[in-house]
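Below, subunit A partners subunit B and then partners subunit C, in two separate complexes.
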Partner chain A sequence: MEVEQEKPSLENVQARQQEKQREGEVVIVEEEEEQQQQVEEGEENANVLQFMDSMDAYLTLIHSLSSTLRQGWLELASARHSMGASRVNTVLLDHKFHPAATTLLVTQDEGKVDSMKQHFTLCKWASSGNEKCSLGEAKSGQDKLHPQLRHRASSQLYEEKTSSEYKASHEVDDQVQKERSKSLSVFGTLVSPKLRAAQLSFETALETLVEIANTRSAVLCAFDKVNKKLGGSKG
Partner chain B sequence: MASRAQIPTSNSALIAMIADEDTVVGFLLAGVGNVDLRRKTNYLIVDSKTTVKQIEDAFKEFTAREDIAVVLISQYVANMIRFLVDSYNKPVPAILEIPSKDHPYDPAHDSVLSRVKYLFSAESVASGRR
Partner chain C sequence: MYGFEAMTFNIHGGYLEAIVRGHRAGLLTAADYNNLCQCETLDDIKMHLSATEYGPYLQNEPSPLHTTTIVEKCTLKLVDEYKHMLCQATEPLSTFLEYITYGHMIDNVVLIVTGTLHERDVQELLEKCHPLGMFDSIATLAVAQNMRELYRLVLVDTPLAPYFSECITSEDLDDMNIEIMRNTLYKAYLEDFYKFCQKLGGATAEIMSDLLAFEADRRAVNITINSIGTELTRDDRRKLYSNFGLLYPYGHEELAVCEDIDQVVRAVMEKYPPYQSIFSKLSYGESQMLDKAFYEEEVKRLCLAFEQQFHYGVFFAYMRLREQEIRNLMWISECVAQNQKSRVHDSVVFIF
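Up next, the complex of A and B:
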């Protein structure tokens, strides 16, 4: 009699254990789903933030470009006023064969294999094989001339290295100045300083435009990601 | 891999311009001007005598050329061929709308902003323009 009473209690215990195990599994699955949802929400928030940041950068750059162009137009108008309208005219433009001195380097974003995001780099005054694709190239040699970096042990070697870099950066600057003068020579040998200032303003505008081009592709890329998520949530 | 279009990478791609005289002269001073062996230039100067057809043809030519990476177009000129500019969706060459001397930048007509505008309001882009 006692043995028969023990059997149902053992079965009950086993049944309860199985129930608890099932409940435990359900809880684990729910926790995993919750974690995955949190990760997805985090990714969505990151995409939206990236989109808003790139939009803000785009608008800021557009405003900067507007003010740079205004300055350039004003300087051009001053040059036309001092040199005469006939000397600053599109009639004087060179229609003989000549390659562009300022070009762009286009590369594909290497972040993702299937990314459609492209990257533009400005190469200013790149004719005659002298490419100045990075704005920091000419400055890097000058930065190393900082006197605090000199040590007695390698001072001579360091001085030789810095002087050669200094000469190289000077050569690059000279070449750039030659290209600038060549571009100005279309409007005559002696040009107004305002025309030179206009040239520099439009060079700055070009740099801003390249940044705008890169930011534009970032905006469209981020927009596509946000749009996909919205489309997925609606569907 | 063959089905997905590749972005052409280029070591020395050009910047094309469709803009007013002062803007074109300014950027030519910055060294952007290119004349090839057939005496074709990478710019079109838009004035009062320039027709919409000429602007359309220049836009189509510059966007079809493989050696051009960016097309700068004055916003007021882009408004004349808005349907062409908005229907263009290739990554390269990139179309950048710039302000002009007589027509300041208007964000309402920017093609990039008009594409993303609907995320900020309940109206669609098409209904916003009507």
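Up next, the complex of A and C:
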């Protein structure tokens, strides 16, 4: 009698254990699904945030370009007023063949198969051979030198390197100034400071245009990601 | 009184002096400028100008207007008035009137030569020349390769021939040489005009000496400012300054070595009492307003020329005041066209 009573209890226990195991597995699966859902939601939110951020940057740059161009055109009118219409005139622009003072490098983002993101880099004063690419790249080049410069063992080496760095940057600045004057020489070599200011404004506008192109590329890329997620969730 | 001009001037110059004083009365007033500064479009400007002496010149211009069209038509009015006075004038007034246009002639020569260097079409260049500076053989300038050819082929038969003695070289024409040629010609022209006025004597000599000396000084300052940071050497810079004027010779020596606009140019100019008033209006860093300050001073001196009778200075003063008026109209039109009306008063110089 006692043996018969023990057998059902063992089976019951096993059954209960199996049930609990199954329940535990379901809970684990549910937890895993919940975590995955959270991760996916997080990714979606990040994509949307990235899209909104890049859109905000794009609109800010458009506004900045508009004000820079307005300033440039007014400075050009002011230079024409100061120097006279015969000195600041479209008929003085050079029709001879000459290399472009500034070039644009377009690259595709590598490593991502489905990515169509393009990157634009402005190379100013490329005709001189001393290409001055976008400011960020020049600065990162200088930063690479700093870890060496902080070595205190040789202060003379440090001084030599800083003075050579200073000379190099001074030479680059002089070269850039010469290229600017060369571009402006179509209007004469003794031009008003207002015309030089107009040149700087249009130069800044060109840099802003390239930034806008890069930002637009980022906006389109972020928009694609958001669109894909929305399409996936609907399907 | 300087001489006996009152007794003899009106025989040959009375009619034209009356004409030019009548023209002076037609210059735009402060009320006209206030109306123009409030215009929203270039058509509004055309409408306001239709009530002035510019009306007949602008009435047939179709919309949309361009700022260069307004300037061209207003210049046409000045040219018509000048030609009428020139054809009525006898010597020495006719020579005096011709001297007034030699500056535009120099600008046209440099425009054609520079445009040809840049491989531009000659017809296109001729359309952009100032009408007061045109002469018969101007189109032939396009064939010259260097200054010697420029002189030999074209300019030897023009009034600019005597001014070329300091520029004749066999060097090819490039941007720097052309700039030096422009300034050397203008320097020679100013000095020649000054000597001519001195020869005329009397009130003409006195009034024109003051006006031309101011012009020479202003040019010296502008050459200094524009050459800072360029390849023009100090010696070359000094050679471009005229040999007369308040700044000659000690001011020129100091200007020749200037390397900074605000500190050094100001320090040079403030030593001369007539120019202290110009620089007192500018605060530090406002070198961009220097042009306006010079124009205001010039307009003041030109208006004073009309306070005296029986001299030729009124003709020079009238031409310059009209040119200032056209500059004002150009600036107002540009500000309206670019929707920058808040900047209109940066460069407008009221004449009355």
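Going forward, the second predicted complex is superposed on the first by the 209 of 235 C-alpha atoms of A that agree within 3 Å, B and C clash if a C-alpha of one lies under 4 Å from a C-alpha of the other, contacts with A are read in each partner's own complex, and residues count from 1 in each chain.
Throughout what follows, a contact is a pair of C-beta atoms (placed from the backbone, for glycine too) under 8 Å apart; a residue touches a chain by one contact, two chains touch by 3 or more.
Remember, it's a predicted structure, so these values are computed and weren't measured experimentally.
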Three-chain arrangement built on subunit A, subunit B and subunit C clash or fit: fit
Which superposed partner A:Pro193 touches (first subunit B, second subunit C, both, neither): second
Which of subunit B and subunit C A:Arg216 touches, first, second, both or neither: first
Larger contact residue set on subunit A - subunit B or subunit C: B
Partner chain(s) touched by A:Trp73 [first = subunit B, second = subunit C, both, neither]: both
Which of subunit B and subunit C A:Lys96 touches, first, second, both or neither: both
First, second, both or neither for A:Lys229, with subunit B first and subunit C second: neither
Partner chain in contact with A:Ser183 - subunit B first, subunit C second, else both or neither: first
Vertex subunit A; arms to subunit B and subunit C (CA centroids, nearest 10 degrees): 60
Partner chain(s) touched by A:Val88 [first = subunit B, second = subunit C, both, neither]: first
Lowest C-alpha to C-alpha distance for subunit C against subunit B (Å): 5
On subunit A, positions contacted by subunit B and by subunit C: 73, 77, 93-96, 186
Residues of subunit A that touch subunit B when the two form their complex: 51, 55, 58-59, 62-63, 65-66, 69, 72-73, 76-77, 88, 90, 93-108, 114, 116-118, 120, 123-127, 179-180, 183-184, 186, 195, 198-199, 201-203, 205-206, 209-210, 212-213, 216-217, 219-220, 223, 226-227, 230
Residues of subunit B defined as touching subunit A within the complex: 4, 6-15, 21-37, 39, 41-42, 45, 69-70, 72, 91-92, 94, 96, 98-99, 101, 104-105, 107, 110, 112, 115-116, 119
Touch list for subunit C against partner subunit A, complex: 68, 71, 107-108, 110-111, 114-115, 118-120, 124-125, 128-130, 175-176, 178-179, 182-183, 222-223, 225-227, 229-232, 261, 287-288, 291, 327, 330-331, 334-335, 338, 340, 343, 346-347
In the complex, subunit A residues that touch subunit C: 70, 73-74, 77-78, 80-82, 84-87, 89, 91-96, 177, 181, 185-186, 188-194, 197
